[in-house]
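Pasting the structures in now, so scroll down.
Both complexes below contain chain A, partnered by chain B and then by chain C.
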Partner chain A sequence: MTPGALSQGRAWLSRHGYVGLAALLLVLLAIASLIFTPGQFGWDAIWVTLGTAAPTLLAAVAVTPSILSGRGGIDLSIGPLMGVLNVLLVQYLIGTAGLSSPFVVVAAALVLGAIGGLINGILVGVVRLQPVVATLGTYLMFSGLAIWLLPSPNGTVPIWLTDLSSGGVLIPLIVVAAGWAALKWTPYYEHLMAIGGDERAAFTSGVPVVTVRILAYVLGGVLAGVAALALSAVLGSADPTVGPGFTLTAITATALGGTSLAGGRGGLTGALVGALDIFLLQNLLTHFNVSTFALQIFYGVILVLAVMSNAARLKVPWLRRGGTA
Partner chain B sequence: MRALGGRHARSLAAGIVVILIFLAGSILVHGFGSFGSIRSLLLLGAFLGIASVGQTMVVLLGGIDLSIPFLMDFGNVVAAEMTGSGHPFWQVILVILVLAGLVGGLSGFISARLRIHPLIITLGMGYAVQGAVLLWTKGFPSGAAPQGLPGFVSVSAHIGPFPIPPIILLWALVAIAIEFLLQRTVFGRRVYALGSSPEAARLALVPYVSTWVWVFAVSAMFAAVAGVLLLGFTGSAFGDVGSPYLFQTVATVVVGGTMLTGGEGGYIGTIVGTLLVTELTMIMTSMGVSSAIEEVFLGAVVVLLVMLYGREAHVRERI
Partner chain C sequence: MGVLADKREDAAAALRVHSLRIRAGARPIDVEIRRSEILGLAGLEGHGHDVFLETVAGVRSHTEGTIEAFDQTGKPAPLRSQRDAVRNGVVYLPRDRKTQGILPGLSVLDNFGVATLSRFATAGVLRRGAMEQTYRTYHERLAIHAESPDVPITSLSGGNQQKVLIARWMAAHPKVMLLNDPTRGVDVATRTALYDVFREASDREGISFVILSSQIEELLLTAHRVLVFREGTVFKELAGDEISSDAIIAAMFGRERA
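Take a look at the complex of A and B:
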């Protein structure tokens, strides 16, 4: 390895160091998975495995921008938003309206997701509700709306959408990863990290704090739209009850991946690594026939331990900054 | 009066909304204003109110406790199992309080000592507790409600000659005790001090870690007690009895005017918030509104009320 590559590697590590233990855990889990469940990671099977993991991965990415935006930022409504989008897309757009062209469905998913995110963004940025309160409100509204629209699972999805749960899964994942990489080239990314790190310093430096914060929630909503497509692909139908469960998994994955709940630190890599950890862990424990109950204990303990090991990085800034954070 | 208007302004606003909703309910639903209906309101409110005690204290400290529903499940299932295998009630409640206190205390200790956001720690601890309970009962909790408990919490129960269920009295006593603890003791002052400015509190030598440990321990214990009380109400154990309370306890606290940033608010606000959430649910249920719409409505009410009196300052005012 040349010195140049080495220092590049070091630079990459220092930028992604927050992923820390989650990355180590991922390596261990991946090796264990390859040894014990090789069947799921063969050339054909791996796409199905990845397709099953996709809604969790994308939900974790969707919750990340709101957390990065700081000031207690968190979007609890991501799960229910995915659920209500699943119902709207599959039951109404594809079912009732009969519009099953990929362009229409994908566009609708992104636009409706953005609207859901915009509602949160306005409540948090303009009305200035605490993010937990605002998104708790929309959590209840979105999940209630989904069940009201469709009390029990129904509908089917077109073939192209089903493909997203196998080989096609690469499309949304690559698009999201490329989009995120592109975002990092824009000033918006710096602004987002700045308001998450220290909102007041960012404001005095002329960062449009309110706009940046609203856009963070809109971005989360758009990503929830992508996640809803992946979810619809896996489910193959409209199901009003599965969405809300993704909120806690997404937050867990994000925290596990080292994204600071205080804002300003973390990113796509952390969310994806954390979500993969959770997915592989569940998968592996299920393989060993560990009862779902013991799995639940493992899950909780690993979460606590992983977050503890990141503690120095996750120090809550309000302890240093005073009480107004 | 000024102090009342200042410190309790948000709770007062929520209180007015409670009365308005009550009046609206009396008009919309026949018999809603009757004694029996008020008694049901207080009875249903007691479960939520007792479960929200800990959330109030944790939020005053500047944290949030997501382990409450899991500890309610824990209290509910353990009480039924232990009673089923013949343990007397005092043993049951002692074991539950000690274990819940240890779990809560550990959450508080980890969060405070390592300065990690309690949202994740309490969630992880909650998952672990739920898993342990399920593993222990193999997913099928059995057993029975302790002797006398159903009589303590049922609508038709009474205290001596008075037709008031004892649990309502318990809630009132708990409320007085918690308000006393928060407003009139050193411990309470420490909670407010840490919640409004951890840094200033540290310089004033307020013990940081031990206060967090105690608050989270108390929160877990009240959650477990609420789970035990619910066992009396439903008669048999249910491993998922707590799940609606995850967000409802947060809703009662914030609707009652306690700020999630810590240091502002109190249990009186939570009582008001509890009554508001409970009466709203009762009115909608008796009007035949589906539970899905109830949820939408509750979400909208939380947002609208906090919009009225819980807005944060613009960043330009906080420099």
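Take a look at the complex of A and C:
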């Protein structure tokens, strides 16, 4: 390899190397899945499988911007926000108000998600509460609101929404991936990574830290809106109890995907790969009739190992060195 | 030096500090910084020269006195916050590079571009090519040793990290650069190269510099004028031929040189 190619390779690794372990795990899990549960990965079945995975994938993406924003950034309320949006959309907008046009429902999901995110953003960015406390507060509010509005599952969803849990699942996933790719071309993305990397340095460089941070939570809220649509599609009804469970899965997936919980490092790829890992693992263990409690033990062990290995990766000398002077 | 110094004395003001009190009970400070002037700040630790610099930068707030920046037409703009300062071309390089300067997770290019992103964006889209091209010119000019603009900034030596930070601000075409001990922890060769960069930028681009230094020879080599701080105010102002190591040290310890 020429020195130029070597340094380019190194630069590429330093930007994407964080996904490494999760990607390796994904390959292993995919092979295991193809051996043990081939039925779920046939031409037709794979769409249903992907549809089932979509809420987890999107929840992991939704929690990513807040984590990237640094200063302990995290959004615990993503799961409950998905849950309360599911209730509002299916029970009230589609059920009571009878508005089932895709345009209305999608717009409502995104706007309500943005509002949920804005509440978090203001609490964290302006009131300057610690993110874990602020979003724990909204976690409780959103999950309480969902059960208060609708104590037990109810309602049905229109056909177009059900389609999102099979072949149509590609639409939200592609839109989110394309949106994220576009975001990377904006100054906002650089600002986000900058405040996540070092808030004070970003501030002295003239980055509007507060605005950037608020927008990170708003972006998470909008993504939670997309995730809520995917969730409603899978559930086919309004269910107030399932949302909160997505928070911890999403954070586990994001951390497993190599996104640093300290902020400033990570991204969409990490979130998606990590979430696919979690989903496939869950799928396999369910296939082997492992109890859900054991499942959680697996999550925990994997999470700890993943975070440990990511920390160790930083110590690999040839990634840190590189400059000649 | 004489001719240049004279020219600078006639030059228009770039920044004016009026009746600024940085410590209760201390005498207020009045300073005017002219275009393309290099002003040095000296003082013993804790005598307020660093507070003064941070206050002018807007990193610290002030209640007594005014700080004004002047644009090309001589119109003054009051500076009350760091945002005001940056907007009016008064930029600040902090003392602690590791905690306030570099963005450790990001590449050299991203570290370079973070202060000037809006310039490289068209309709909200970042033109990385243009950003990289601009970086290249500073890469040459400051002789930054980095394998590629995409390597992490933490892979560079301290001196080269500092060069990237200086390039970050020079690319913003500032009017005044406030440098807080810019060559601390930087090797001698790089240090000398940086002095050349400062002098060249002040001569050719009319940028004014305020350089706080813990090393007196740095001030001897760069400054047209030196303010020596003592007990929270300007104790002595030295200009041109008055600037010498003895004079600065004497003033730092509160003695008028005989």
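One rule holds for everything that comes next: the second predicted complex is superposed on the first by the 297 of 325 C-alpha atoms of A that agree within 3 Å, B and C clash if a C-alpha of one lies under 4 Å from a C-alpha of the other, contacts with A are read in each partner's own complex, and residues count from 1 in each chain.
The criterion applied here is as follows: contacts are C-beta pairs under 8 Å (C-beta built on N, C-alpha and C of every residue); 3 or more make two chains touch, one makes a residue touch a chain.
Owing to the predicted nature of the structure, the values given are computational and were not obtained by experimental measurement.
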Partner chain in contact with A:F203 - chain B first, chain C second, else both or neither: both
Partner chain(s) touched by A:I35 [first = chain B, second = chain C, both, neither]: neither
Touched partner set for A:S143, first chain B, second chain C, both or neither: first
Which superposed partner A:G264 touches (first chain B, second chain C, both, neither): second
Broader residue contact with chain A after superposition on the shared chain, chain B or chain C: B
Chain B versus chain C as contact partner of A:I159, first or second or both or neither: neither
Footprint overlap on chain A, comparing chain B with chain C: 200, 203-204, 319-325
Chain B partner contacts - residues on chain A that touch it in the complex: 72, 74, 123, 127-130, 132-134, 136-141, 143-148, 151, 199-200, 203-204, 209-210, 248, 251-252, 255, 261-262, 291-301, 303-304, 307-308, 311, 314-316, 318-325
Interface residues, chain B side, partner chain A - complex: 62, 64, 110, 114-117, 119-121, 123-132, 134-135, 138-139, 195-200, 247, 250-251, 254, 259-263, 290-300, 302-303, 306-307, 310-316, 318-319
Residues of chain A defined as touching chain C within the complex: 4, 7-8, 10-12, 14-15, 185-187, 189-191, 193-194, 196-198, 200-207, 260, 264-265, 319-325
Chain A-touching residues of chain C, taken from the complex the two chains share: 59, 82-83, 86, 91-92, 94, 99-107, 110, 113-115, 117-118, 120-121, 124-126, 128, 145-148, 150-152, 154-157, 159-160, 168
